[in-house]
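Everything below concerns the one structure shown next.
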Amino acid sequence: MSTLGTTARRGWWRPALLAPALVALGIFFVLPVALIIWTAFTDPAPGLHHFAAVLTEPSTRAIITRTLVMALVTATVTLVLAYPYAYLMTVVGPRWRAVLTALVLLPFWTSLMARTFAWIIILQPNGPLVRLTSLVGFDEPLLQSAAGVTIGMVQVLLPYMVLPLYATMSSIDRRLLSAAASLGARPSRAFRRVYLPLSMPGVVAGYTLVFILALGFYVTPKLLGSPRESMLAQLIGTRVEKLLDFAGAGALSVVMLLITGLLLLLVSRVARVSAMLGMGEDRNA
Amino acid sequence: MSHRIAARGAEVTLEHLTKRYGSAAPAVDDVSLTIRPGEFMTLLGPSGSGKTTTLNMIAGFVEPTTGRILVDGKNVAKLPPHKRDIGMVFQHYALFPHMSAAQNVAFPLQERKVSKAEVASRVSEALELVQLGHLADRLPRQLSGGQQQRVALARALVYDPPVLLMDEPLGALDKKLREQLQVEISRIHREVGTTFVFVTHDQEEALALSDRIAVFNNGVIEQVGTAEELYEQPKTLFVAEFLGKSNVFVGTAQGETLTVGDVTLRLPRPESGSRALVVRPERMRLHPDAPQPPTAGNALHGVVSNHVYLGSEHRITVELGTGTSVTVTETAAARSDARPGDSVWITWEPQDSSVIPA
Amino acid sequence: MPDRVLRGGFLLRCVAALVAGLLVAPTLVVIPLSFTGKASFAFPPEDWSLRWYRNFFTSGAWAESLLTSLQVAVVVAVVATAIGTAAAVALSHVRFRAKGLVTGMLLTPIVVPQIVTAVAIYSAFLTWGLAGTLPGFIAAHVVLAIPYVLIAVSSSLQGYDTRLDQAAAILGATPWRRFRRVTLPLILPGVLSGAVFAFVTSLDEVVIAFYLQSPTLRTLPVKMFSSVTVETDPTIAAASSLLVVFTTAAILLPQLLRRDPARSRNSGGQP
């Protein structure tokens, strides 16, 4: 509010405080990433041959497709599970809400390795899950399967879907639903025509975030999936571990970053369009 | 050996102080002012008039575009705030929430490397000065607004600054509390003797507290003077209308008369040219009939349009024939029963008015 | 309008319970398994024993990896918190044209996929001779942790009243003393939060740690990563349980230590 800000009028201390962070990130993060991208385009001579080499391998295209599909499935499953959960968070009292929030933040606290290992236990042949499902006649172990990987990823990504959803949902005025009812709408119609559209910003934000994160998963698919069905992150890893092909890995990384970037662009367009179509909260009503 | 909060005040001189933000009109435009040692000077004006910016330049939070700020002859304009040895009280107190009242007051002494024993005694002395010794260990959130402001005052004075700046310190308080604290501040000023520079937009507050007032408008000082000088002899229309209420007649002066439309009024002294005559409402008298015999004073005829009873006074609005209206204030003792629609005469003596270039 | 429906029916709570189960289940499995008597991952365990914990602490490789993890995490927490707090302070309560760009850049480690970061850093470190070295390892983790510190401290600083800085200045405190005596105590919750996030991020990080490892520089997650595909040794369950305990303790510690910090909201203002 005041034009004063903090007291140092001489400008030197802010840049000085900022410098260590910028230098550290510059040298140990930005530079390496820039270098590997540079290598992808220029090693040994400028050109796109690494991209060609990597993308013409038939397995690569299959992997990229599989990664996109997995991300889609994971994001969708996560959304289906997270939506009711987030909704419940908005209707319960503060104590229950605290419990639900703590539960959803639990994955942040528990080590990824520990959790992935736990899924190995649960999903293994003759593990507890198989014993449960064989009761209904399904006795395929889910370890080393796409389904297993999906379950593992969904658990890790649930918080990233619940939190944006909750943030948007908690700002929806629930009296709008009562208003809809007073105008003659059945609960399901009121939900579909009033609540759902208003929750869209949260849905879009959460879905995008989860999708993008799912694209980059490495540990979960590697440990829970079968080597014949690897994802893009594993491909990049293998390229380096087995072949020491940094340029190729760089090319694949560029591909991954491009897909992510394109997605973000698409989402921001869609978000703008939907705002134009008035799918957001209409304050002029 | 006890340390008395010393009585000393510095002279503060502002020389051609200007603050410009970008290409907009300057927030403070060539302001020059000399504040005498130990004086209580108020910077008065509406928001955006430049008074707060000026105060902040004295404090060091805003760097002047041009000009000098002299404290006892020494130019401090280039010094950072923590080197200026000035005291300041803020509108929202700015007490450190994680420290008790005593710790807040001790803070500046600790920054000056005062010994622990001396800190303790000076802190208790400062809190006694503001009559809060018994609340020394309370946290700010355990204190009322008025108490917090007094702690802020103690904190600002404990290190004997030669100048104390106050940025609308009573703005966040309700009327009764404000009046109580005004009395406190006056008392402390007399006891301590530091030069006080007080910023406010409340003209009643300014009139009550100050030795002298500098009236700010649009970045310039329109007039500096004692409360009485400003009230009785305003030099500009803005000052006349900002301090108290005024009735203003604009016309052409020739010698001792002012021609306003087809009315002639008598001036307190000879003038010529375009002038405004300012008459305070309490200097006017109401009469049901024209004064007989006609006096040397001024007399105008009008019709009462509004009569407001304010307890201690009556405020009566009278429409004059010329289409303008005039406000007359009569004390309750006058038992005025002028009613809307009544025909009345307004009189005043020329020496009870003042003239401003218009 | 049936308030019952608005408040969520039975079905809703069922789904929520399912989700809650999904969130909590893994932890529930790992801890009991660590007490199994057999050298297998069979769950639930039929015998009980502490041998895997004993094995963990007596076997050189496991215990050493825990120690390495803890040492690295502590150093990373300290360094990242210092750097991140400085950056957060520098960016607070100020507006300049490049601010969005600078903030964005400082947050990129969270946004870029871990494998890309890992591979890039590995490649660069190989060239620079930092691969497998402790300073390099710490540097990589610090850079990963800084964004979390930045977010935590910035959020604390948002609620900080800058007029307190002005008051401290006019009272005679130099910029450093202002920070130490006024700002820092009031943003301490955010700083501690950031430190905890930095600690946990480093402790748990496996992808970069995997690439930067050396025989002497193997962190616990990396050891678990290698062993999970190779052995059926429940020591890894003990390791998992320990990891869970450590990270939970790290997260809960600030909550328990917190007395009643004076909130740094506007220090006054009510009549």
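Note that the chains are named A, B and C in the order they appear, and that numbering of residues resets to 1 at the start of each chain.
Note that contacts are C-beta pairs under 8 Å (C-beta built on N, C-alpha and C of every residue); 3 or more make two chains touch, one makes a residue touch a chain.
Predicted model, so just to flag it, every value in this text is computed and none were measured.
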item	value
Which of B-C and A-C has more C-beta pairs touching across its chains	A-C
Per-chain Cα centre nearest the global Cα centre, belonging to chain	C
Farthest-lying chain, centroid of Cα atoms versus that of subunit C	B
Rounded Å distance between subunit A and subunit B, as computed from the means of their C-alpha atoms	61
Intercentroid distance (Cα basis), subunit C paired with subunit B, Å	56
For subunit A paired with subunit C, centre-to-centre distance based on mean C-alpha positions, whole Å	19
Sites on subunit C at which at least two other chains make contact	163, 166, 169, 175, 178
In subunit B, residues with contacts to at least two other chains	60-61, 80-82
Subunit A, residues touching no fewer than two other chains	4, 7-8
In the complex with subunit C, residue positions of subunit A that touch it	2, 4-8, 13-18, 20-22, 24-25, 28-33, 35-36, 39, 81-82, 84-85, 87-88, 91-92, 100, 103-104, 106-107, 109-122, 124, 126-128, 151, 154-155, 158, 174, 177-178, 181-182, 187, 190, 215-216, 218-219, 223, 233, 236-237, 240, 246, 249-250, 253, 256-257, 260
Residues on subunit C engaged by subunit A in the complex (per definition of touch)	1-2, 5-8, 12-13, 15-16, 18-20, 22-27, 29-30, 33, 41-44, 82-84, 86-87, 89-91, 93-94, 102, 105-106, 108-109, 112-125, 127, 139-140, 142-143, 146, 150, 162-163, 165-166, 169, 175, 178, 200, 203-204, 206-207, 211, 220-221, 224-225, 228-229, 236-237, 240-241, 243-244, 247-248, 251
Sites on subunit C touched by subunit B in the complex	161, 163-164, 166-175, 177-178, 181-182, 185-186, 261-271
Touching residues (chain side subunit B, partner subunit C) in the complex	59-61, 80-82, 84-88, 90, 92-99, 107-108, 111-112, 139-141, 144-146, 148-149, 155-156, 159, 165, 172-174, 177
